[in-house]
Structure formats: C-alpha cells, structure tokens
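Next come the structures, one after another.
Below are two complexes that have subunit A in common, paired first with subunit B and then with subunit C.
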Partner chain A sequence: MNTLKFLFAIWKTNLQSAMEYRASFLTQVIGMMVNNFIYFAIWIIFFERFKDVRGWGVNDMYVTFGILASAFGIVSLFFGNAFMLSDVINKGRLDYYLSMPKPVLLHTVSSRMISSGMGDFAYGFVSYALSGYFTWDGLARFLLAMLLAATVFAAFLILTQSLAFWFGMMSNFSNLVLNAMLTFGIYPITLFDNYAKLILFTIIPAALMGAVPAEFIRAFTWQTLGQLLLGAFGFLTLAILLFRAGLRRYESGSAIQTEV
Partner chain B sequence: MTSIIVHNLQKVFQTKRKAAGLSGSMRSLFKPEYSTVEAVRKISFQMETGELLGFIGPNGAGKSTTIKMLTGILHPSGGEASVLGFVPWKDRQKLAFQIGTVFGQRPQLWYHLPAMDTFTLFGKIYELDDSETKKRIDFLAEAFEIRDLLDVPVRKLSLGQRMRCEVAASLLHRPKLLLLDEPSIGLDVVAKQHIRDAIRRMNQEEGVGVLLTSHDAGDLEALCKRVIIVNHGQIVYEDKVSNLKRKFLTTKLVEVRYAKQVAKDFSVKGAKILKVGRYGVKLQFDSAQTPVDSVITRLSEMGDIMDITISDPPLEEVIAKIYEQVREGKQELT
Partner chain C sequence: MKKFSKYWSIFEITLLNSLAYPGELVGRSLMIIPFMWIFYQLWKVAFSAAGVDAINGLTLQDTLWYLMMTETIELGRPPIARTMSENVKDGSVAYILNKPYDFLWYQFSSAMGETIFRAIMNAIFGGLTVWLLVGAPAHPQGFLVAIPAVLGAWVLHFCINAMIGLSAFVVEDVAAFTWIYQKLAFIFGGMLIPLDFYPQWMQTLAKAMPFSSALYGPARLFVSPTMDLFIGVMSLQMFWIITLVFVLVVAYRRGLTQLTVNGG
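Right, the complex of A and B next:
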C-alpha cells in the first residue's frame, strides 16, 4: 500500500515537472500522435497494394501497432527512466535513489516521465478502435495485454541498460536493440520461420510486445494469455535479478546531477 | 551511545588506464589495462550519538567514498561498519528512514519545481502523514529561513538558497543522524554561515548527530567538536577541534584590496607579508599571538579598504604540517 502511495506521489511530481513547460509538453504529446499516424500511413499504402501478407491484413496491423504504441507509451509515461538507466548508472546518479528508503530499481525507473508517451498511449487506443476488431471484451483484453506487453518492454530495457554495471556506457547498444524490438514488433509474425520466432520470444522478445498480444486481443486463448504472463513475469524476474547483481558492482561517480 | 562504528573499512576501485592519443585509444580497445585504486584504506573510527564530527581532507582523500559506504550507496571491498545498529549495505532501506543525507554536488530537489513539491514528495517517500509533513515543513521553513523560497522553482534559487532548502529537505523525516558531504561547496561566506547556523540549531534542538565532510577548514571550526582528517584514504589525524586549532590552525590568511596605491613601506606588526601588489596585499599571521582585530585595525589605518578576505590555510597545508610533526616525532600518525 505504501509502495502504491509512493508511486502515485512520484508520478504526480513527474507530471507537475513535465507541465512546467506547457508548450513543450503539448507539442510532444500532439507531435507523437501525428508521428505515429504518418508512420502507419506507410503500412496502409503497403496493404492497399498487397492486401494480405501470409494471412495478415491491415486490420491486424492496426491492432499490432496499437498495442505496441500503447505499451511503449505506458513505459514512457510511468517508467521513463528505464530508457536512461545506463546513463543513470554511469554518471553515478543512482546515489540519489540509493539514499532513499524505497526499492531502488522501482524508484529509479519511475522517476522520469517522457511526455511524448502520452501521444503513444492515446494513439494505441485510436488504432485499436479503427481496426475493425473493436468489442468491449476485446477492449478489456487490450488493457490487460497492454500492461503485460509494457512489463516485457520495461524489463527488456532494464536488462539491456543494466549491462552498464559491467560494460560501462550501454545506451547506444540499448538503443540498437530497442529499435530492433520495435521494428520486429510491428512486422507480421507469419513472416518468420521457427528459428526467427524463437529469437523473437527470447533474445529480442518483440513477439511478446506485438504479435502475441494482438492475437490475444482479437480472440481469447489460454495459450496466448499463458505466453504473455510467462513472458512478462519471466523477463521482469530476470531484469530485477540482473539489476541487483549489478548494484553490487556500482561505483558511483562524481558527475554533478540534477533531479528534473 | 555510539551511532557509527567503522572497523577496517576498505574500498578498492578498478580504474581503466589509457595512454594519451589515438594510438593509446586503439591499444586500449583491444588490450585494456586496469589499475587498482585504494580509495579507502582500512579506516576505523567511532562516532557518538548526537556528536558533531568533522571528516575532512583534500579532494580525492576518500571522504565521499566513506560517506557513500556508510549510507549503503557503495558496497565496501572489506571491513565492517554499523550505522545506528544497521549494516548500511545490507539494511539500506531501513537505515535510510533513520538518516538524512546531503551531497553538495548531487541536489535532491527537483530542478524545475518549487522546493515545496519535493518536500511533499519526500513526505510520501518517508511515509509521513500529510498533517505531519505540513507541520514539519512549517518548522523547517522557520529554522532555515526559507519560507519565501519554498514556492520558487529551484532553478531560480541562488546556490546558497538552494543548499538551505537541500539541508532542510534532508531533515524532513526527523533523522537521528545527518551525513553531509561538502554542504558548503561553492557557497559564499554569508551562505556558508546560514547553513552552519541552521545545522548547529538542529543539533542542539533535536539532538541530530552530524557527520560532515568538507575540504574547508572553516566548516570544521564553526561546527564540529571533533575532527578526523583523512588523506590518501587513511586517517592521518583524529582529535578535538580545539586541539587541532591549537596545534595546526594557528595562522590566518588575509587579502586586502585598497582604493588607492599601497605604500612602499607597507607593514603590519605581527604579520608576514606574502605578496604586495599596486593596490592589494596578502599577508599571514599567527592568530594565537596577534589578535585578528589588531591586524584589521592596522590594515584599515593603511588606507581605504575596498575588499577584504580572511581565510584559514588550505587543508593541504595543515596536513603537510601534521606529516612534518610526525617526521619530527612530535605527533603520531593515527
């Protein structure tokens, strides 16, 4: 209960901080929605030409892109520091979180809000509504799948960025695999053979952020729910264990830091 | 009652070494070389409950590393420590409820928001009731004279105002022990005095113990009863501040700037002239033998003073004196 209160207080402070600069806040939110619309227009043009890619049509793409955008948005909004964890570790900025009486990983990742995430989050719902698959029980599945996909995504970010404890600056590597995750997440899963699928469920778990949740939203099956739950809790556990192991190697630093 | 017990505490860092230039970078890419830096070398000390203890030394002496181990931020490479009965790196969260920390170069106030928002957030982090948080903010606002600053975005505060807010924020949850790492770094004389007064008041009124690191001997003189001096990761001196002052902080440095040119035969009885410029003079005197006010009076008789600075000798000089006395057998290295 105290942890929830603490999280709400942090998120409220993040929102206050983001809204200090009204113009920047609004342009980021609206800009990201426009950016997503423009990006998705390419897929619409593609599917107008080819109609179907191994059983996937534009409606499936609407759902897949929608869930991916909303999951990305949730992580950006509520756990924005997960994108910058490597930098936080390298510049010794974990000192601040370690001197506070709260779980250090949760406190660190929740202490930044990326305003553009609000645009991604909202865009995901619009994309789902336009997909032609919209039903009320589908919406309930969309919400659950979004949370589980966001968990996988946040855990994946923490895993890659925590390598900074061992290898120093990892933000470029993390951006590289993050882009791979988002790119493969939006591709129709039917394009890939079994070996590629294995990679997309494990090393770069893009399938757990795009194709599997999309399938779960279109129609409930225990198999897809099981895959999502196992993926979310498995990756989260791994991320927490790796971060904890890394924390023992933390060397702090003398760079000047500011809480924003 | 003892609040801090440290025994043979040690911290070793692995540091990558690289020769200068592109060829050095290429070699380092394929065959990186590392060296070991012993930042803290098996130090042992104790601190009593409610004590004002100065932990001072020059830059790179190991002060901050020690504080970071005592707050649980860093895991030590060896040795033991107990802070308020907790092993810091094992019971970090429990300990954090009992201590307050201020890192001079690591602000904890949210930069874009007024300090009041950080205070409110800290109330939640330290699990205080809203009414308790409000009462405590009222008290600290008065004690640190920051009432008018609380609604101003932190980015608009001066460094001195911000540091007062920083120290006040660290006391929100009524800690038993305050660990201050260079709280006066970069502050002017007035701002330093404000911070020192407020810390002294919290020590007297609430019995908060204070472990203060600084490379400014003035902090030590103004606040602490006992001092530990560290250099190269080792404790080189541990004694009462009064003894340290008597033995090593006997001289003062004075820099004066005059409105008109300085007389060629400039002299002050009891003071050694270090440097004479056209408009300014730098001199040194033994404050135990020559009272400060007599030097100031004499300096003001020499012309219209535009600016004057009185300071302690740098800590490096104090440490050099300690080593000198060790060599001469007058003092034992701790």
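Right, the complex of A and C next:
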C-alpha cells in the first residue's frame, strides 16, 4: 500500500513537472497522435491493394496497432526511465536511487514521464474504436490486455537495459532490440513461420505486445489470457531478478549528480 | 573556392569523427537487417496472394532492393532538426552563430560528414541481407546511376530538416514536427511501399511532392536505371532543391530575428 502511495506521488510530481511546459506537452501529445494516424495510413494503403495477409485484414491491424500504441504509451508515461535505464546505470546515477529508502528499480523507472506517451496511449483507444471490433466487453479486455502487454514491454526494457551492468554502454543494442520489438509487434503474426514465432514469444516477445493481446481483445479465450498472464509475470520476474543480480555488480563513479 | 575550404574541413572532421567509434557505427547499421527480413516476409506473402510475378513493373526482387535503398537513405541521415533544437535549448547555438562561418553551411557540411559512412554501412548490411533473401539486383549498374540522386535526396532531407530545426528558434522543442515529417516521408516518399503500388490518384499526388524526390526517385532509379527515368528524377529533384534552398535561406534570415538564447 505504501509503495502504491509512493508511486502515485511520483506520477503526480512527474505530471506537474510536464505541465510546467503546457504548450510543449500538448504539442507532443497531439503530434504523436497525428504521427500515429499518418503511420497507420501506410497499412490502409497496403490492405486497400492486397486485402488480406494470410487471414489478417486492416481491421485486425487497427486492433494490433491500437494495443501496441496504448501499451507503449502507458510505459512511456508511467515508467519512462525504463527507456534510459542503461544510461542511468552507466553514468552512475543509480547512486541517487540507492540512497533512498524505496524499491530501487521501481523508483528508478518511474522517475521520468515521456509526455508523448499520452498521445500513444490515447491513440490506441481511437484505433480500437475504429477497428470495427468495438464492444463494451471488448473494451474491458482491451484495458486488461493493455496492462499485461505494458508489463511485458516494461519488463523487456528492464531486461535488455540491465545488461549494461555487465557490458557497459548498450545504447545501440537497446535501440536495436527496441526497434525490433516494435516493428515485429505491429506486423501480422501470420507472416511468420514456427521458428520465427518461437523467437517472438521468447527472445523478442513482440507477439505478447501485439498479436496475442489483439487476439484476446477480438474474442476471449482462456488460452490467450493464459499466454498473456504467463508472459507478463514470467518476464517481470526475470527482469527483477536480472536487475538485482546486476545491482550486485554496480560500481558507483562517485560523481556528484543532481536529479531533477 | 577558398571560402568553401573551411566547410570541406568541417565535413572531413565530422567524417573522421564518425569512424572514431566503429562499434557504434556497425551497431547502428545492424538495425536494417531485421527490417529487410520482415519486409521480405510481408512482400513474399503479398506477391503470392496477388498471384503475379510483377506489380506495375516491380518484381519481388526489385521491391526488396527498392526498399533497401529507401531504408539506406532514411537510416543514413542524421537528426539535424533535433541537433539544431538542442543547440537552441542548451544555448550552444550562440557559440556557433558567432563563428566566422555560415550557420547553414556549417550544419550542412557537418550533416553530410555524418551521413556518408552511416549510409555505406546500411547499404552493406541491407544489401547483403537482401542478396541472401532474393538474390543479386537485376541491374547492378543501378548503384552508380542512383548515386547523384541519393546525394540530391540528402540535400533535400537537409533543407526540410533544417527548416524544422529552425522552428526551434521560435518553439524550442521540434520533436513533434520531426515525427510528422518522418511519417509524411514514409507515405508520400514511398519508403515502406513503392509508390507504384498506390492507387493512381495517390501516386499522382505523391510524385508531385518533394518527399518522392527524396526517397522514391533515387530508389526507383536504382532498380530501373534508364536514361529517361534518370532525367526525370534529376530534373524534379533539382526543382525541389532550388525551391527549398530558397525557402530555407529566407526562413533562416527571419528566424534569426526571433532567436532568444537561454544560456550556454
């Protein structure tokens, strides 16, 4: 309960800090929504010409894009520092969080809000509403799937960025796997053979952020719910364990840092 | 000529700087490999579903080589707008503006220096991936024919990005504009889908915009290196370069009057 209170306090501070530059905040939110709209138009053009990719049509893409955007948005908004964790580790900025009486990982990743995430988060709902699959119970599934997909995504970020404890600067690798996750997440899963699918459920769990939640939103099955729950809790546990293992190797640079 | 030697030096310094961290250069370029692989999966299914060997003159092999070229151009260009915006935000623009060189020429020389090796590495990794997936390009001479158009594409990209960067003189944060420009280039430049596959009305619209000269033109020339296409692509590109350079210079002169430097 105390941790939740602490999280809400951090999020409130982050929001107040973002609101200090209201025009910039609004530009980023609206800009990101427009950006997503334009990007999705490519899929509309594609499906206008080819209609169907092994059973996937443009409506399925609306749902997949929607859930991926909202899950990405929620992580950017509430755990924005997860994108920069390797940088925090490398620059010795974990010192600050280690000196605080709060869970180190949670405090670190929640300490930054990426304003454009609000645009992604909101766009996801619009995309789902436009998909033609919208129902009220579907919306409830959308919310649940979004939380689970966001958990997988945040855990994936923590896992890959925590490798910085062992390998130092990881910005190229982090960007590479982040791009791979988002790219594979948005493409129809029916494109891939079984070997590729195995990768998309394990090493780069893009299927758990795009295709599987989309399937769960379209129609409830225990199988897809099970996959999502297992994926979310499995990856989160792995991420926490890896971060803790890495933390034991952490060496401070004794640099004087100011956290704003 | 002497006037330009300093810009050549800036270009050389940035070019050598980009080689200072080979791991960084290679790591960044590896990104093109999963992109080309996923494009192959998508277009293989699309061509098979359409039941044809070629769509508007492009085979699966041509399409993949076309996409390799558009990705090389796009992934090779540095984030000029973001750099300029950061220069304004942290006040370092004051140190660039008071040096004995032209601000725009400085940014251009520096951007081109960053671009060359990035693009070469992307072309190598992207080319090898596509070669393994669909075989050699049908017209290998396309590489040479497309080079002038690729250089022109980077000039166009520079003009548009510098204009977005200049807007930082007024609004400081230009991230939203760069995202929107990038996505417009994706659609109207034919970056992910060749413009030839678009509905006719959209092809006409897209081909009349500068984005197509920056991506579609060079990539199409690369897979279909004919003299007619070369003349068409280069003439349209020259038209857009002249127009946008003019607009950029006017925007820069007006922007200077609006600039507020916060510190440094």
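Simple rule for what comes next: the second predicted complex is superposed on the first by the 254 of 260 C-alpha atoms of A that agree within 3 Å, B and C clash if a C-alpha of one lies under 4 Å from a C-alpha of the other, contacts with A are read in each partner's own complex, and residues count from 1 in each chain.
We adopt the following convention: a residue touches a chain if its C-beta (ideal position, glycine included) is under 8 Å from a C-beta of that chain, and two chains touch if they have at least 3 such contacts.
It should be emphasised that the depicted structure is a prediction, and the values quoted were computed from it without experimental measurement.
Legend: residue contacts after superposition of the two complexes on their common chain; A:A129 is shown touching neither subunit B nor subunit C. By the document's definition of touching, of the two partners only subunit B reaches A:E251; subunit C does not.
Contact with subunit B, but none with subunit C, is seen for A:N2 once the two complexes are overlaid on the shared chain. By the touch criterion defined above, A:T13 reaches subunit B but does not reach subunit C.
Look at A:M32: by the touch rule set out above, it reaches subunit C but stays clear of subunit B. Contacts of A:M100 after superposition: subunit B is touched, whereas subunit C is not reached. In the overlay built on the shared chain, the residue A:I240 is in contact with neither subunit B nor subunit C.
Comparing the two interfaces of subunit A, the one with subunit B and the one with subunit C have residues 21 in common.
Residues of subunit A touching subunit B in their complex: 2, 5-6, 9-10, 13, 16-17, 20-21, 92-96, 98-104, 248, 250-252, 254, 256-260. By the touch rule above, subunit C contacts subunit A in their complex via residues 23-24, 27-28, 30-31, 34-35, 38, 41-42, 45-46, 49-50, 171-173, 175-177, 179-180, 182-184, 186-187, 192-193, 197-199, 202. Interface of subunit B with subunit A (complex): residues 13, 64-65, 68, 71-75, 92-94, 96-97, 101, 103, 105-113, 117-118, 120-121, 124-127, 153.
Within the complex formed with subunit C, the residues of subunit A that make contact are 21, 23-24, 27-28, 30-32, 34-35, 38-39, 41-42, 45-46, 48-54, 116, 172-173, 175-176, 179-180, 183-184, 187, 191-192, 196.
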